[in-house]
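Okay, here's the structure, questions in a sec.
For clarity, chains are labelled A, B, C, D, E and F in written order, and residue numbers in each chain start from 1.
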Amino acid sequence: MSNRDAECIRQRVADLEVGQAARSIFMAKSKQLLDFSSKPGRYLTLTLFDRTGEIKAIVWDGGEGVYNSFEDGDVVRIEGHVSEYKGTPQITIETIHKCSRGDFELSLFLPRTKKDVDELLHRLKSKSKAFTNTYLERLVLGFLEDPEFAAAYVQAPAAKSIHHAVIGGLIEHSSNVVSLCEAVPMLYPIIDTELLVAGAILHDIGKVVEYTYNGPFDLSDEGKLIGHVVIGERMVAQAIEGIADFPQSLALKLRHMILSHHGKLEWGSPKRPKTLEAIALHLADYFDACVAQFTEVVEESSNLEGKWSPYNRRLERQLYLE
Amino acid sequence: MSNRDAECIRQRVADLEVGQAARSIFMAKSKQLLDFSSKPGRYLTLTLFDRTGEIKAIVWDGGEGVYNSFEDGDVVRIEGHVSEYKGTPQITIETIHKCSRGDFELSLFLPRTKKDVDELLHRLKSKSKAFTNTYLERLVLGFLEDPEFAAAYVQAPAAKSIHHAVIGGLIEHSSNVVSLCEAVPMLYPIIDTELLVAGAILHDIGKVVEYTYNGPFDLSDEGKLIGHVVIGERMVAQAIEGIADFPQSLALKLRHMILSHHGKLEWGSPKRPKTLEAIALHLADYFDACVAQFTEVVEESSNLEGKWSPYNRRLERQLYLE
Amino acid sequence: MSNRDAECIRQRVADLEVGQAARSIFMAKSKQLLDFSSKPGRYLTLTLFDRTGEIKAIVWDGGEGVYNSFEDGDVVRIEGHVSEYKGTPQITIETIHKCSRGDFELSLFLPRTKKDVDELLHRLKSKSKAFTNTYLERLVLGFLEDPEFAAAYVQAPAAKSIHHAVIGGLIEHSSNVVSLCEAVPMLYPIIDTELLVAGAILHDIGKVVEYTYNGPFDLSDEGKLIGHVVIGERMVAQAIEGIADFPQSLALKLRHMILSHHGKLEWGSPKRPKTLEAIALHLADYFDACVAQFTEVVEESSNLEGKWSPYNRRLERQLYLE
Amino acid sequence: MSNRDAECIRQRVADLEVGQAARSIFMAKSKQLLDFSSKPGRYLTLTLFDRTGEIKAIVWDGGEGVYNSFEDGDVVRIEGHVSEYKGTPQITIETIHKCSRGDFELSLFLPRTKKDVDELLHRLKSKSKAFTNTYLERLVLGFLEDPEFAAAYVQAPAAKSIHHAVIGGLIEHSSNVVSLCEAVPMLYPIIDTELLVAGAILHDIGKVVEYTYNGPFDLSDEGKLIGHVVIGERMVAQAIEGIADFPQSLALKLRHMILSHHGKLEWGSPKRPKTLEAIALHLADYFDACVAQFTEVVEESSNLEGKWSPYNRRLERQLYLE
Amino acid sequence: MSNRDAECIRQRVADLEVGQAARSIFMAKSKQLLDFSSKPGRYLTLTLFDRTGEIKAIVWDGGEGVYNSFEDGDVVRIEGHVSEYKGTPQITIETIHKCSRGDFELSLFLPRTKKDVDELLHRLKSKSKAFTNTYLERLVLGFLEDPEFAAAYVQAPAAKSIHHAVIGGLIEHSSNVVSLCEAVPMLYPIIDTELLVAGAILHDIGKVVEYTYNGPFDLSDEGKLIGHVVIGERMVAQAIEGIADFPQSLALKLRHMILSHHGKLEWGSPKRPKTLEAIALHLADYFDACVAQFTEVVEESSNLEGKWSPYNRRLERQLYLE
Amino acid sequence: MSNRDAECIRQRVADLEVGQAARSIFMAKSKQLLDFSSKPGRYLTLTLFDRTGEIKAIVWDGGEGVYNSFEDGDVVRIEGHVSEYKGTPQITIETIHKCSRGDFELSLFLPRTKKDVDELLHRLKSKSKAFTNTYLERLVLGFLEDPEFAAAYVQAPAAKSIHHAVIGGLIEHSSNVVSLCEAVPMLYPIIDTELLVAGAILHDIGKVVEYTYNGPFDLSDEGKLIGHVVIGERMVAQAIEGIADFPQSLALKLRHMILSHHGKLEWGSPKRPKTLEAIALHLADYFDACVAQFTEVVEESSNLEGKWSPYNRRLERQLYLE
């Protein structure tokens, strides 16, 4: 079956209605085998999702048989119908088959930024090409014009679950930080704008290795054990080694900016900012991360009644929405 | 003696040279009577300063007599000559008289921002006049067009000693925060730009009461016991009461922004930010305060040798200057 | 139906027994519509309460119809009978109607202090009338003899859920703090007793605005965004403005006491205590709040077996009850 | 020479005037040998003090010889005269001899409470005798009527340098805590008053071992390595063992009160309060300690000009004195 | 029935299979009476356990009658059969009778160390006998050769639930700390090895009083109110008093080691380490406790799939198991 | 002049006596030009040191001329004589000349470990050669048998000023950590001993780059901006890339150990330990660092009177030395 055919008949989770037949492809996660309460044997429950939402599903017969036929993050083609359980729609599945991953665009299934990531990438390249410092220009473009890196840079999320936890979240967040950084030098002419913008573009590139995002977002082993701060600094250091005559002090300042961009030791930076550009980068990063978190809470509360959001455990407060 | 005459013969502290006669007006502070080591009686030491620097001075004869003739922050006219003590210039004073305060511009003696505060004020007024929300426009202009308030707003420092501790520091800092806030709504359209900018203009207005700055910068009693956060919120609340039909929710949001702009309880805000505009205002304020501190350390180190600033106790680090 | 009639037939929650008919008025909260598990449609669950306790209730038929006929905190008249579910009594409701709020005393439904609040108020007035400092006397009596304020002062709780979270909790807590403060000056004659007692009476008056308590206790918008510390200081400041020749320093000290009574920035005071009376007020307030919390845990455990209370999450410990 | 003679001719430090002959006894501390700047050999400097103050002293000739003839805390008889150095009086000593310690009352030299410690002791005994709980009565009187213990209890300071760092400070502080505790049960009838008062009397008795106070106040080795919290609990536990049939639970509660009276682990209590009486004792102790610190700062500032105390490093603030 | 007979027919929890008859003795805990959902009356649920694991059990008929016939920690003889509920085995009990505690070895039911505690005890005795310092030898052997103490020392757990929460955990942990301490003096010859090893053997002996372990592990009242740190120091201090001429300084150092072995005030030591041996003891104790916690997480995860352990709340992380 | 000649006439600082002629080579630091108090011009002060101690020195005539002829850390040949100032010996210099650095062994001037570093290196090599895991063997020997690395590894200090701040401190500290790690696997067989020991040998190798130690110890720019934790992890990662087929998981675990060996984020590790070997390495490192600090305080106090060390600001306590 071709990708195009698959598309033709794809149903969006958000559009499913109780009573309807369900025949489509979805990404699967959270499969579980549960005992029947009144007879021997087990049935299978799972969650199906695409980027419009998720829905519970159940395989009453033969669940044990198909349990091992797919993994979390696989795309499956199912047939069945939409029923209701405790007031919530769920799919009673009759047939379920794993599809080949290559056939489908990941973006059909995973939440993604509303921004146009290609335009963001283009914008960052333009900024880099305008640098008068050719070392910084070559360094940044070395990343952005490398097709493999660029593909990852526009796909990776910026977080697993908090802010910018969407496909394209990394470049969206990085672009925001760049924008904030560009406002700074007007106020503080002593700051090296190009160094700051270059740092803003590169500060989180370690996340292309830290996260796995060709399925439900997770951290890679290297992400958990080494972390994007150190990974990113290394990527930059290695790229610098490939650029002849890159000034040593500039290299040190840029590597320090990547390492220190979390601002505090207890936030995971092994060094605190010790240059003007490093502190400004940290503050811009912090600014975007905080405002993004608040924004997400406000948006999630937008269709609730009342002037106050539900209590948000991470922010340890309710937000006033009026 | 007219102000003009005084000006004519004013010597700048930075220009004084050993061996020279000293005949000029300076601001005085830190007066002290010390015992002679080899005879009865006491001599007077003091510090003379203007906005270009400060110099120690000494009155050998009659020090006890003039001790009570002036206070810290008074402007004095002195005659004497510049000598040297332990390698440092000092003035040996022969005559010293207090001048009337009214005769001189404070700005001759106190450090002041390099920015043109009138232009900053004009710019903030223009922004306010462009508000589509007429309640916010009336509120902000009610302050900025009040001659008494405006005079204080362009004079007050933003701090006693850390960042923007200069005449004009308040409006310089406020303008910086406004500039940062203006960059935000492009990234987060959900934010109410005019509310955010209004909050940025007004967030620190309590400092016109918190500081005394018609002499060496200090905190007023009300500054120490109530603080600019609460004072400023009150000023805004009272102004709002004078504007007919000011929407209650808008008033609450604006008052909350002033109160919560320090961001954390332990930083002196009695409430943490609970709206998008409040968190953005806090972050912009924090951003400018941090970068300003770093900038000041870098500038103070600019004429030292070496790649590293001296250890800065407030930042608990050295800065890399290369 | 008159209030009196209503009273005649009111049943107390604590007296309801399984099998009994239920015909009475209660306050309602936590209404919810749930799907039937075996047929279409939804039924209504809610909680009924008065000051003696609370009981679950259920409307099997027509629940969707009455769902919008009342809100949290409304008083409803119900008919039904007391059944049992999982060993716990619940009311199966046949008819339910909202009553007019004005017809009933709030105190029938909300937990209230065991103290006689009128006596407490009288006692505080007497103390104030005995002040030799007439400014303090006029200030405090200005509040306590204002009928509207006094009505709120004897009704408001001192907290939403922790200590003194009862109708009358504010005056009970304030009276306790006054009593502790009166013990202090014997030990420390240098303390200004009247100032301290005046501060104790007024320190939490912002809570009459901070809480809503004509239904289940909650925080008002102003309570959440401004807070009783700042609200209370403002109430005092405005009252002072109305008293001719009120000494400025006395005003500043009193306002500072209200603002700083939480003792630490991280506990929500924008200033830490900087006078003897301010530190003593904070300590007395802290004392009563802590002992009240311990007392409540002990009292709640009084009919449990064992020498130890259940683990209390707020205190992060079990209490020894032996 | 008899004690009486010594008294007759004792001069008080506070009364010494420049130009006067000095012939008296003082306590000595801080002795030091310093090189002459212009010739070989060394002279001796030391500090002489009594409870009215302290004064520097100097032995120009023979300083090396007498250096080892006395130790810190010894009482010395000196002859010399009062001169002035840099505006401060100092004694130029001609002869200096160590006196026998036994001959003098310590209270002549060390700062002591203004309270009548015998009256305080009498008052605490009366309270104990009024206990209806005879176990507590016997326990507390066992201490207070033991002459050796009582002598230490009325002499010991409550601290080395912060609050109640005076002879008699322990009983003064303990009496204050008792007074505060007596105010509590009116408010919280559930509290066991006699247990609380007994705990208040005994809570700091470990300090009779923790401090050395027959010279400049210091901590004993056991004070530094074990501490008064554990020492005091042990003293109480051992006394309880000597009282037949002392109820086990009462013993445990009392021992727990001693151990937990610092309230928090990080303040040196190995257990946090877990009974009503324990939390009330901690809070009363904390109350008195804090107010005492503030009071001392205010009193020390009483003869300074200005509305604000000097910055106090321990309190991390200035106090408003107006 | 004799203990031997009981042994003969004892079934191990880990060996029970669905469908099998169950006739054996187990320790019981967590008994609960629950309402039938469809008829009046209540049934009894409980947990049965031995050192190989635990299993839910249910008494459908007569549950209310037997509820009071046994307590948590009692050994019961049951007859019934192993059924399955939601995929998990449980015992449906027909008859249940409490057995006499004395008849059974506790070790049949409680988890215990895999180490041979008698060998560990023997080893610690040998080390103590080799001490050249006879005071330390007599002190330590006074404990280890006291049959009553030794019995408790080899039985007690080292914790309630975290690390070494097994019968024998105390001596296992103490032995580990001894081993680590023995490695130290090679590196730091200045350390007094015998003092350090003696401290290591004795540091946690208060736990024989702190824990109750003749049933499910719990803390005794004295454990909760006084704690093993202070209890242990007292045991050592009293033993020292019984040894003639025990050097006072050695006693102080050893008592200090026990008191300070938690290393920080906030970890429950009323004094921080102030000697070389005290800091080394703390570090060895901390080392063993941390590694033991990690080891337990790894072992619990050993039969799970995947490279990462489940999230551990105490360690606030997942462990990498690869 | 040959090195040998220089040696022949070298005087040790510790042996200099007042009145003696001084003719030797020393390392210089802290040079300063000071104004004469009574005439124009300036004189030069500096500190001379070797590994036995340091002494102040002064150049009265021509100080300005020689000020720029040497830098901190240079070796100078001086002639003069030992005088005394305020009871302390100092050298009055007549001639001073900079020597060539290459001519002298650094170890003459800088404090160095008492351990035989070559023996320590040999011992670490032997351990590595005994590894059964050939990947670890090749990795570790790749460092230890690289002459350039080994030269640095046996020279570098382990700290700038706290513990092991001596030439050879790095290998001394690393060897101690290895010794402690070797004691662990006996207690916890589940730990991979060879991985742990390899990690112990390599954990601090970034310090060969972090410190500069061919003069007074200091941090390099890379040390301050990147830090030994990240530098060391990179050195290990790069070495692993050069070993064919090095297992990926082993590489990840080793790199993680280096990165996480500070144990906590706030102590500068960007990741906390997430494997058994990583936590054990951290604990062993922490153990040695803490005990070393205590040991140094004890040793520095060894020739002081009294049972207590002076107050140590870093440890925030006095140590008991008895």
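One rule holds for everything that comes next: contacts are C-beta pairs under 8 Å (C-beta built on N, C-alpha and C of every residue); 3 or more make two chains touch, one makes a residue touch a chain.
Being a predicted model, the structure only gives us computed values, none of them experimental.
Common neighbours of subunit B and subunit F under the contact definition above: A, D. The set of chains in contact with subunit B as well as subunit C comprises A, D. Placing every chain at the mean of its C-alpha atoms, the farthest one from subunit C is found to be F.
Counting the residue numbers that touch the partner chain, subunit A and subunit F have more than half of them in common. With each centre defined as the average position of its C-alpha atoms, the distance from subunit D to subunit F rounds to 46 Å.
One simple way to say how far apart two chains are is to compare their mean CA positions; for subunit B and subunit E this gives 64 Å.
For subunit E, residues touching at least two other chains, in rising order: 221, 224-225, 252-253, 256, 274, 318, 320, 322. Shown are all chain pairs that touch, namely A-B, A-C, A-E, A-F, B-C, B-D, B-F, C-D, C-E, D-E, D-F, E-F. By the touch rule above, subunit A contacts subunit C in their complex via residues 84, 86-87, 307-308, 318, 320, 322.
Residues of subunit D touching subunit C in their complex: 176, 179-180, 182-184, 186-188, 190-191, 249, 252-253, 256, 272-276, 279-280, 283-284, 286-288, 290-292, 294-295, 298-299, 317-320, 322. Residues of subunit E touching subunit D in their complex: 221-222, 224-227, 229-230, 233-234, 237, 252-253, 255-256, 259, 265-271, 274. Note for the complex: subunit B touches subunit D at residues 34-35, 37, 42, 221, 224-225.
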